[in-house]
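Should a chain be cited, it is by its letter among A, B and C, assigned in written order, with residues numbered from 1 in that chain.
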Amino acid sequence: MAVIARRLVFFVITLWAALTINFFLPRLMPGGPVLAMMSRFRGHVTPQAMRSLELAFGVDIHENLLAQYIQYLGDIAQGRFGLSVSFFPVPVAQILMQALPWTLGLIGVTTIISFALGTLIGMVAAWRRGGLADSVLPPVLVVVSAFPYFWFGLICIYLFSAGLGWFPSGFAYDLGSPVALSWSFAGQVLRHAALPAFTITITSIGGWLLTMRNNMIATLSEDYVRMARAKGLSPLRIMVLYAGRNAVLPNITGFALSLGFVLSGALLTEIVFTYPGLGYLLYQAVVGEDYPLMQAIFLLITVAVLAAVLLADVANVLLDPRTRGHQYR
Amino acid sequence: MDRSTAVDGPTGHVRGGAVRLSPLGRVGAAVLANRKAAAGALLLALFTAVALLAPLIAPYDPEASDFLPTAPPSAAHWLGTTSLGQDVLSQVIWGARPSLVIGLIAGIVATVISILVGVTAAYRGGLPDLLLSLATDVFLVLPALPLMIVIAAYLKGSGTWVLIAVIVVTGWAFGARQLRAQALSLRGREFLEAARVRGERGSYVIVCEMLPTMTSLIAANVLGAALYAVLAAAGLQFLGLGDINAISWGSMLYWAQNNEALQTGAPLWAIVPGLCIALLGAALALLNYAFDELSNPALRAARRARGRRAP
Amino acid sequence: MIGFLRIPGSARRPAWPAALLVAAIVLSSTGAGARTAVATRAAVAPVAIKRGGTLKIVTELGALWSCNFSPFVPPVNATPDSWGFIYEPLYFVNGFAKPGMPVETGMLATSYRWGAGARTLTFTLRPGVRWSDGQPLTAADVVFTFNMIKQYPALDLAGAWQVLTSVAQQGTDKVVMTLKPGAVPSFPSIAEQTYIVAQHIWSRVGNPTTYVDKAPVGTGPVLMQQCTPQNITYVRNPDYWQPGRPYIDKILFPAYTSNPPANLDLSRDPGDWGGQFMPSIQSYYIAKDPQYRHYWFPPASNNDVFINLTRAPLSARALRQAMVYAIDKQRVSLIGEYGYEPPADQTGVLLPVFGRWYDKALADSYGYRYDPQKAISLLQQAGFTRGSSGIFQTKDGKPLSFSMIVIAGNTDSVACVKIVSDDLRKVGIDVKIEALSGDAFNARLFTGDYDLAWSGVGGGITPYYELRNLLDSANTAPIGKTAATNWERYRSAEADGLFDAFAHTTDSAKQRKIMDQIENVMLRDVPVIPVVQGVWWFQWSDRVFVGWPTPQNPYANPCPYCAPDLDIVINNLHLR
C-alpha cells in the first residue's frame, strides 16, 4: 500500500537523521577517547606511543570531521564497528554479542510479561467498574509503579536476598559455572533472574494498566459497545473483541516502543543486580568516551526503536481504518 | 460555553436542586468524590506544603555536618544522621523542593511540547505531519545519558536545570506519538467535520474541539510526564549525575547507597527518601482518577446519581 | 562511576594503576647485586599443607570482563586479570617487608648483576620453567618480549624503553641489557613490571597492539579456564615451576560493577580475598566473624589538592601556604574516608612507612598544622583583605573564589572535597565544588582547565617516585596540552636537578640529602597539598584459607589487584 511504502521511506530518513546525531553527540562531549586512553596509561607512555594507539583505535582525530562522518556511515553500512576503546582492543561486535542475550532475555521477557499482565488487568478493571479488580488492584499497582526502580530493587535485595536468602543477590548465573545448554544452567539463570524480573515487572505494570483502563473506559461508552450489549452478545466477547481490541490500540505503539528500548538495557537494574547486560555497557561506554562502542549500541537502539515504531504504525493502519490518512475533501 | 438555563442568581443554583459548578469547582468535586484521587491530592498538597515551609519546619541546616556520623534515630535526630554527620530528617524536608520543581516543570513543559507537536501533526497532515513526525522519532531515539553529559558540560554543570533540560528533551517524544495517534483517530469524526463546515479556523478546531475530547489522555500525559520526570531525575541523581551540591531525595539515595546505609545500620537514610519519591509518584498517579471522572461522562454514570445533568 | 572511568561508588583505590608503580632499589645496587632466592615462604609452617579449595576474589572492577588477557593492555580500573596470574616478570620486589629496604626475589630470573657504572644489567634465567603449552622458557623469549615492546611503543606500559638502549641474549640463559645513565631507579620497570610472553606465540600474531589474547599461554601459577563477562575462572597450573605450588585448586574472579554488591558478598562469604572499600567495616565485616576476619590497609600514595599554579591569585605562594593551615586533615580522614586513610604530610612523604626518608626537623621548622587563625593571619599578611561577606579579596577587589573539580562517581572523594571546601570557606576562601564525570574531569585536569582539583599520582617504594611525578617538569605540559602527572604545572630547574641527581647516585646518604631538599620544595612552594594518604584495600578471613600477608608478615602487597605481588600470595595460600 502507498501508506506502508511512505512509512518505509520515512523510516530510512529518520534512521539517517538519528545516525547523524549519534555521530555528533559523542564528539560534543568533553575529552574524547584519546584522553580516556591517556588517563588509563597515566602518562607513562611517550607521545609516539600515544600516536600509535590513536591509529590502532581507528579514531584518528586529526582527520577532519566530514571525512570521519563519511567513514562512519560507510562502516555502518558494512557492519564494521571497530575496536572498543574501553575494552581495547577487543572488537565491539564481540563485546555486544556477549551482553545481548542477557538483555534480550531479562528485559525483553519482562517487558512482554508486564505489558500483557497490565493490559489484561486494566481491561478487566474497566469492565467491572467498582468491582474488586477495579478498586484494589489498580491503585496498588499504580502506586507501586511510582516507586523509584533502583530503590525498590535495593529493598528487595535487602529483604529477600540478604535477609531471607531466597534469591541470589546478583549476576546472571552461579559464578564459575560452565555456560552450557543444560537444565541445571537454565535453573540457575531463572533463579538469578527471578528477583530482577520481579522488580521490573511489578514497577512497570501500573503504567500499562492505567492507560489500558482509561482507554477501555472511553471505549466502553462508545455506541457500538452499547449496541453489542443490546444485541445480547456474551460479556467476555464484548470485553475482549469489541472494546478491548480497540482500547488497546493506542497502547500498541507504546508497547512497540518499549520493545525497541529493550536494547538500551536497564542500566539501574544491571547496576543494582550486577547483571551483565547492555545497559551497563552503554553506561560504561558513555562515561569512558568509548566512541566505537557507544555508536554501536546507539545504532542498535536506533534501529530497534525505529523498526518497532514502523511495525506499530503498520499495525495501526491495518487494525484501525480511521488512521488511513484520508485527506479532508 | 456555559449554556445554563434556569440559573438562580449569583449563587449559581439551578431551580430544581441540581448544582451547577464552575470548571474549577467540578475538578474539586471530582477529586473529593473519588477517594483515590483525594488521597493523591492530599499527598501532593502535603509535599508542596513541606517544600514551601522547609525553612520553618526543618530542625537543622541540611548541609551542616556537625553531628555524630551514622547515628541511629534519636530524640535529637528522628531519622538519624548520614555518614557525613548531617541530619537525615532535615535533608528529607529540604529535598522535597528539587523533586517537586523538577517533576512539575519538566512534566508540564514536556507535555506542552508533546501536544503542540503531536496534535498539530495529526491535524495538519501532509508535509507538516511528515516533518514533525520525523523530529518526534529522532528525539525518541536520542540517548539520554550522553545528552546529559553534553548539556552538563555546556551549562557548566548547574544541576537542576540540566536535569530538567535533559528530561524534557528526551521525554516529550513519547507523549507526542501517543497524542498524535489519538488525534488521528479523531480526525474523521463528525463533530470535527461539523466545525470545519462551520468555517472555524484550524487552531480553533484543535484547541476547542479536539483537545477537550482528549483531556483524559492529556491529563494522563501531564501526570505521566511529571512522574517520569521525578523518577528520571531520581535515577540520574542516583548515578551521581545530578547536582552533587544540592540536597534532593535522589542525591540522598546516591549517598546512602554508596555508604551502604542498608547494610551498615542506617537503613532509614536509604528507605525514607525513596519512600518520599514513591509517595510523590503515587500521588501523581492517583490523581489520574480524578481526571478520568472529569472528562469522561461515562465514568460519572457509574457513581451514584447526584442529580447532575449529563452533558 | 573508574581509573579512567569513574563509576558510582567505585575506584577507591590510588590513582596509579597498581602495576605501573615504579618501585626502587635504593641501596647498594651497583656492583654485585646478585640475589638468588625462590619465592618467600609463608610464616605459618603447618605440618602437612592441605591442598585444594576454591578462592574467590572480591574487588570492584567497575566494568564487565572483556576476556582479553594480553599483558600489554592497561588493566581496566587498574585491576589486572593476567599479570601475576598467567604472565610473570623477571623479578619480584617487595617494598613492604622493611619499608625503604625492599627485598628482591627472583621469578623468571634467578639473579641479576649490574655492570660498571650501572650501564649494563645482566639477568640469569631460571632453568626448568615451562610455558603452559609445554614449551620451555628460554632467554630468547625474554629478548623477544623486550624487542617487541621496543618495536611497538604502545606496549611499553612500564616505560622500560625510556631507559633501555638494547636487549640481547648472552649464552643460553643470560639476557644482557644496556641502559642510559641514571637508570637505577627504573630497575622495577624492567624487572618487575614487564611481563614476559612466549616468542613462539607472539611472533605470529601480526600487530600485537591489537591482538586479543583469548587463550593465554603463560608461566604463571594458574591457567585461565573460562572467561565470561561476569566472571573469570582460573585453575591450578600443574606444571608450575615452583614444585608443589600453588596449593589451591581454583580461583573465581567475578566482575563486580559497583561497590555495594561486592561488599555484600564479602560480608557474607566465609573466605574471600577482599580488596574493597567498605563503609563501617567493623560492623559490616569484622563483627560477623571477629575471630577470623581482619583487614589491613597499607599506604599507597597521597590524595592531594592540586592547585593550578598558572592562575592568579593561586600563583601566590602565601595563599597556598595559608590553605595548608586551613584544612583539617584529621577530619577529612575521619569523615571522608571513615578513618581508613591517615592524614598526609605536606612533604608528600608517606608516614610512618617512609619514616627514614622524612626530614622531621625541616618539617617542624615550617610547622604546618591545622590552624585556621594562622591561615587567616597569613592571608592578611599577604595583602588580602576580608570583605563584608567574610570572603577575602585581592588588592584589585577580586574575591578569592575558586572551583574545585572532583570525579562525581567517587563518593569518598566527593565527601573529602566537601570537607575541604567547608574548611576553606571558614577562613574566607570561597570554594565551589564541580563534580564531573570521569572523562570530563580528566580532560580539564590534564589540560589545566581548573582552579583546584582533587586527585593523586602513583607512588613507589621510596618517596622519589611520587614526588617526581608531582614536581618534575618532564611530566608537565603547557596549559591546553595534556600533562602526564604534573598537572599543577610546577616547573623549577632546582627540582629537576634534584631528581636527576637522585637517579644518578646509589649512595644512600647522598640520596637522603637530596630527598631532604626535595621535601623542602614541597614545604616551601606548596605546589600541591597532600591531604590524606591513599591506601591499598585488603580484607581477609583465616576461616577457609591461611597464608595471607599480614602486617606481622608482610611478604607481599596483599591487595588482590596488585601485581605481581598477587602471584606470590596465590602461591602461599592454602586451606586451613
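What we mean here is this: a contact is a pair of C-beta atoms (placed from the backbone, for glycine too) under 8 Å apart; a residue touches a chain by one contact, two chains touch by 3 or more.
The model shown is predicted, which means the values in this text are computed figures rather than measured ones.
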Most central chain, judged by mean C-alpha position against the global CA mean: A
B-C compared against A-B, more contacting pairs: A-B
Gap in Å, rounded to a whole number, between the CA centres of subunit C and subunit A: 40
Centroid distance [mean C-alpha coordinates] between subunit C and subunit B, Å: 49
Subunit A-subunit B separation of Cα centroids, rounded to whole Å: 23
Where subunit B touches two or more other chains, by residue: 149, 153, 238-239, 257, 263
Residues of subunit C whose C-beta touches two or more other chains: 1, 8, 264, 409, 437, 440
Sites on subunit A at which at least two other chains make contact: 29-30, 162, 271, 283, 287
Subunit C - residues contacting subunit B, complex: 1, 8-9, 259-260, 263-264, 267, 278-280, 283-284, 335, 338, 408-409, 411, 414-415, 418-419, 422, 432-437, 440
Subunit A-facing residues of subunit B, complex: 36, 125-126, 130, 133-134, 137-138, 140-143, 145-147, 149-150, 153, 174, 177-178, 181-182, 184-185, 187-188, 196, 216-217, 220, 224, 227, 231, 234-235, 238-239, 250, 253, 257, 262-263, 267, 270-271, 273-274, 277-282, 284-286, 288, 292, 296-299, 302
Touching residues (chain side subunit A, partner subunit B) in the complex: 10, 13-14, 17-18, 21-22, 25-26, 28-30, 129-130, 139, 142-143, 145-152, 154-155, 158, 162, 206-207, 210-211, 214, 217-218, 220-221, 249-250, 253-254, 257, 264, 267-268, 271, 282-283, 286-287, 294, 298, 301-302, 305-306, 309, 316, 320, 322-323, 325-328
Subunit A residues touching subunit C - in the complex, by the definition given at the top: 29-32, 35-46, 48-50, 52-53, 56, 83-84, 86-91, 94-95, 98-99, 157, 162, 169-173, 175-176, 178-179, 270-274, 276, 280-281, 283-284, 287-289
Subunit A-facing residues of subunit C, complex: 1-8, 15-17, 20, 54, 56, 63-64, 66-68, 70, 73-74, 76, 152-154, 156-159, 162, 207, 209-212, 226, 228-231, 233, 250, 252, 254-258, 261, 264-265, 268, 409, 437-440, 442-444, 446, 457-458, 475, 482-485
